[in-house]
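Same chain, two partners: chain A is paired with chain B first, then with chain C.
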Partner chain A sequence: MTIDLANQIVTGLLTGLVYSLMALGLSVIFGVVRVVNFAHGEMTALAMYAAWALFTWAELDPLLGLPLIALLLFVLGYVMQRGLIDAFVAKPEHMQFILLVAVAIIMVNGSLLVFGPDAHGIQVPYGFDTYEVGPLLVDKVRLLAATAALCISGLLMLFFRRTMTGKAIRACADNLVGARVIGLNVKRLYAVTFGIGAACVGAAGALLSMLIDVMPSSGPELTMLAFIIVIVGGLGSMGGALLGGILIGVSEVLAGYFLMPSMKGMFSFAILILILILRPQGLMGARK
Partner chain B sequence: MSRQAILLGLLLAAFALAPLVAGPYLLSVLVVVMYFAYVGQAWNIMMGFAGQLSLGHTLYVGLGAYTAAALFVHLGVPAVFGLFASVAVAALAGGVVGSLGFRFGVKGVYFALLTIAFAEFTRILFEHIPGLGGPGGLFLPVGDRSGIDLVHLRGHPLMFYYLILAMTAGIFLLCRRLVRSRLGYTWLAVREDQEAAAALGINVFRAKLAAVMLSAGLTALGGVFFAFYYNNLFPNQAFGMNRSIEIILAPIVGGLGTLFGPILGALILTPLGEGITMATEAMGFKAAGIKQLCYGLALLAIVKFLPDGVWPWARARLGLEPGDGDGEDDR
Partner chain C sequence: MSGHSSPMVNRRGFLAAGAAGAAVLGLGGRARPLHAAEPLKVGLLLPLSGSLAREGQSCKRGADVTPALLADMGMPVQLMIADTETNIDTARTRAEKLIADGAQVLVGAFDSAHTLAVAQVCEQRGVPLVINIAAAPNITEQGFKTVFRNFPTAPKLVTEGLALMKDVFKTTGTTPTKAVFLHNNDTFGTAMAGAVNKLFPTLDMPFPLVETIAYDGAARDLAVEVGKAKATGADLVLLVPHGDDCIRVIREMVKQRFEPKAVISPGSPGMYEAQFYKTLGKYSDYCMTNLPWINPKTAMSQALLKAFTKAYPDALFEMNIGYTFEAILIAADAAKRAGSTDPKAVLAALPVTSIAEHVMIGGPIVFDAKGQNTNTRSATIQNFGGKPLVVLPSEVAEAKPVFPAPGWQQRG
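Let's look at the complex of A and B:
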């Protein structure tokens, strides 16, 4: 029993890391553009469909298709911010909400039209391989996906710390007026940021497509999941998104193990409510 | 009489006389229009008047619907008594969400997410309560559909039509009075500048709590109507995020904080959805999702081009002044 439980926890931990990458995108977008992307899960679902399409029609492994999907989502995010969201950055939150809900409705039903209501899953050739680590059994797919997610998250942190564009984006987040004063092109940087957030989603979607099935209703569920993770970790904090993803991934399998699998969502929302009330800045967020 | 009052009278007369010319299908569409106008107005009290964004408002619809329905199904309590329990339960839930949120300083986006979390939590909770049917749904016995039994809320569809008309007119008048009441001005002050309101001696916490509880209780009445009109309840539909979105679309598209907004918004959105269904079917598209896709595009266009809502725009076109009859006094 303990071995089984330990296996479950490892599974949750690895899945949680992939969730983290998706949530990281949400966190980056909110942290800089200050817009809550209510179409986040829907964009993830689009990326999963893209991975499925590449795998099914071009026999491309999702791990190899990942850069292409991330690039596609980057373009989508950039265009969305430039053409649609930028005009709403200074508008009240409920307007941003409705705008992105409209985008989400279009994405969900667009994918319903193209791919139909059925669940689509990817079975890679090494899908059933496992590694034995001491007494534990670790899925190869899950381990690969989690490692890739962790590497991409690390790259993203390097990007924000080391590159000029990354530093400029952080400047916009820390002091918008100051960023304008020193002549940063805020509109372009916002679009780049939204693109980067979307690229995270693209990468996470490609990885998730190997772990779970995608259907049109996956979008809203993933949006909720991303919110919970980001709030628990701290909206706008990159380390928080990682921590939140792992916590929620593990708590999901624990809830499924000790209670009923169908109750795992309730568990996550209960954590969300507690965090919002007791520590609204999240576990790793700074109090503003 | 002001031009707004005339407009309102015409609207009311049109709805009251519609059953003379409209068939059952059109009447059922109008019921949906008025239902969304009603719950939109109730939501508007919280967001439009007091400035508190609730994105999980279907929580109160669901609680209201399930309370009255469960009392009726299990204990035979007539709807006319059950609705008091519904209002009480929903107002209490609103009080819990509000007091937790406001006491602990949960603001803006975070408060909105808190309301979503409570609604989603309750949805999954209700899926695990066998006495309420779980995910399989709770069904109300359909009684005599020819009579008029307002005590048990069983009867002819026309009875429901006039009931929701009365509810929509009633909440309109209530909101009109609220806007000019002491409480209404308190909300306005809190909405515009919380710190300044507190400095004036307004108890901000109580004002916001009053808005949430009143809004929740009134929304629950909409839930009772929903339960007894449709005779079936599913956690997924009663508490789902989609419902919360539907509730807030009408007042936002119509014009936030205005009294005509929720009505106009519902009058635009519901027929728009139905019209798109008919148009796509007439053109031979049968594919699932096309209707919602067009709806999403239309919504996007409305939000993009009329960000303040349709009513403020239409009001200017009609040559009406902001003022009497639409709660826009100084806004």
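Let's look at the complex of A and C:
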């Protein structure tokens, strides 16, 4: 039983890391632009469809297609921010909410129109492979996806800490008036931030496409998952998104193993409610 | 199912078979034929989108080829197809709309919960409902006067499914030592689980059921469910999926190197569907499903196969198609015998239905006082080379059962 449980915890940990990358995009966007992207899961589903299309029609492995998909989503995010969302940044939150929910609905129905109602999955040639690590069996696809997610998250953190653009974005997040006073182009930086958040979504979508099937209804489910993770980790905190993803991934596995598998989704919501009661700012969020 | 050994028949042959069936029923010259311009308006409710879309689309493909075949038999029908969107409320509102739009009989709705919602609408409006596929027993236990089901109930599916397992073990000379039961926790899966847990102790099965694991069919992955099943040490997996969740179960079994002697469904959709073969390839082979199936050796099933293959050369000819065809056939037959398309007349004719010549394995289609066809019969189908073949009962078998199945890594 111990080995079986350890196997499941490793599985949850690896899956959680990929969830983290998706949630990281949401956290980055909210942390800087202060807009909650209610179309986040739908954008992830779009990225998964892109990965599926590249795999099906160009026989491109999702890991190799990842940079292209991330770039496409960066452009989509940049254009969305400049052309649509920017006009709502200073508007009341409920208007932002309605706008992005509308975008989400359009994306869901657009994908239903283009790809149909069926689930689309990617079966890479190594999709059934596992590594033996001592007594543990580690799923090769999950390991590759989690490693890629961890590397991308690390690169993103380096970008925000070490590059001028990253520091400028952080300046916008920390002190918007100050950023304007020193002459930063806030609109452009917001668009770049939204693009980066969307690129995270693109990368996460490419990786998730190897783990789960995508269908039009996947979008709202993934939005909900991303929200749970960032609220648990702390909205706007990059480290929190990582921690939240791992926590949700592992807790779902433990709930499924020790309680009932059909309760594992409910367990995530239980954690969310617990966090909202005990630590509303999230595990790594700053108290205001 | 292209591997059927019986000769194919053309539409003329199909007509002859239909005429022979009608003669057997004593309908010959007495039945008043419907006017050519007055086809029976059949409202067909199916989950064409949402999580059950694949099965719904499969049923629809069966329905698409049906009107031409029935027209040849002098039973014109006009299909009015509506999408339940795999949603109970939508199923109810679409049923209301179909009736408002002039549907004289409703057929559907694949999912038990959707069917129950539609049945309530039909009962209120006095419009007959012929169920193509839905197994929850309570549908025909509520005293509905307008509901007729040509599909076995979950307990019957399970009883026959478990009995067929014993036949498989007897035929192959190998018996598993213990089994784990995995099932989808939707309405269908829960009804099936209830039936398995209730009937298993009474059927003198040659192995114990060590654990029952319910899972959410919409879960993103089923790693923990399969891990938990593996931890039981069972060498037989009883699986009741409902849709593409069986793909995720088998995928995880391969990844976690869980190698039971076989994966057998006591009666559920999933493991004989095109997507299952396409996604899993060699890993889809040797999975068994015990369920009502198309009789490969009747003239009517061969005619349906021919029409279906012509319309959908790449689609799999399977149970959903056969039962959807038969449900429309039952409605059309009732209208023909009633000599009217009026819902009340069709409703009056349905309880005395007796169709000897049809496409599914089993006896003549007749309904008991509850509107349930008691002559359905299950078969064991096993996957070979990406297609399902009947392996039991032996009189209609196309291949011999293979048990235990070769290990995942021993497949070419």
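By our rule, the second predicted complex is superposed on the first by the 288 of 288 C-alpha atoms of A that agree within 3 Å, B and C clash if a C-alpha of one lies under 4 Å from a C-alpha of the other, contacts with A are read in each partner's own complex, and residues count from 1 in each chain.
What we mean here is this: contacts are C-beta pairs under 8 Å (C-beta built on N, C-alpha and C of every residue); 3 or more make two chains touch, one makes a residue touch a chain.
Small disclaimer: the values here were computed from a predicted structure and weren't measured.
Student: In the superposed model built on chain A, check whether chain B and chain C fit or clash.
Tutor: fit
Student: Which partner chains sit in contact with A:P220 here, chain B, chain C, both or neither? Use first/second/both/neither.
Tutor: A:P220 sits against chain B, while chain C stays out of touch.
Student: Is A:M260 in contact with chain B, with chain C, with both, or with neither (first, second, both, neither)?
Tutor: It touches chain B and chain C both.
Student: Count the residues of chain A touched by chain B and by chain C, then name the partner with the higher count.
Tutor: In the superposed model, B touches more residues of chain A.
Student: Would you check which partner chain A:A102 touches, where first means chain B only, second means chain C only, and both and neither mean what they say?
Tutor: A:A102 contacts chain B only, not chain C.
Student: Per the contact definition in the header, classify A:K91: touching chain B only (first), chain C only (second), both, or neither.
Tutor: A:K91 contacts chain B only, not chain C.
Student: Mind computing the angle chain B to chain A to chain C from the CA centres, in steps of 10 degrees?
Tutor: 70
Student: First (chain B), second (chain C), both or neither: which does A:L113 touch?
Tutor: first
Student: Quick one: is A:I231 in contact with chain B, with chain C, with both, or with neither? Answer first, second, both or neither.
Tutor: First partner only.
Student: Pick one for A:M164: touches chain B only (first), chain C only (second), both, or neither.
Tutor: In the superposition, A:M164 contacts neither chain B nor chain C.
Student: Thinking of the overlay built on chain A, is A:L272 touched by chain B (first), by chain C (second), by both, or by neither?
Tutor: Only chain B is touched by A:L272; chain C is not.
Student: Taking the superposition on A as described, I'd like to know which of chain B and chain C A:V181 touches: first, second, both or neither.
Tutor: neither
Student: Measuring by CA atoms in the overlay, how small does the chain B-chain C distance get, in Å?
Tutor: 5
Student: Return the residues of chain A at which the contacts from chain B and from chain C coincide.
Tutor: 112, 116-117, 260, 262, 265
Student: Can you check the complex and tell me which residues of chain B touch chain A?
Tutor: 47, 53, 55, 100-101, 104-106, 108-110, 112-114, 116-118, 120-121, 124-125, 127-128, 241-242, 245, 248-249, 252-253, 256, 287-290, 292-293, 295-297, 299-300, 303-304, 307
Student: Write out the stretch or stretches of chain A touching chain B in their complex.
Tutor: Interface residues on the chain A side: 36, 84, 87-88, 91, 93-95, 97-99, 101-106, 108-110, 112-113, 116-117, 216, 220, 224, 227-228, 231, 235, 260, 262-263, 265-266, 269-270, 272-273, 276-278, 280.
Student: Where on chain C does chain A make contact in their complex?
Tutor: Contact set of chain C toward chain A: 48-51, 53-54, 57, 185, 213-216, 218-225, 227-228, 230-231, 244, 247-248, 251, 254-257, 275, 279, 281, 283, 408.
Student: Tell me, which parts of chain A touch chain C in their complex?
Tutor: Going through chain A, the ones touching chain C are 1, 4, 7-8, 11-12, 15, 112, 116-119, 121, 123, 127-130, 137, 139, 211-213, 215, 217, 221, 252-253, 256-257, 260-262, 264-265.
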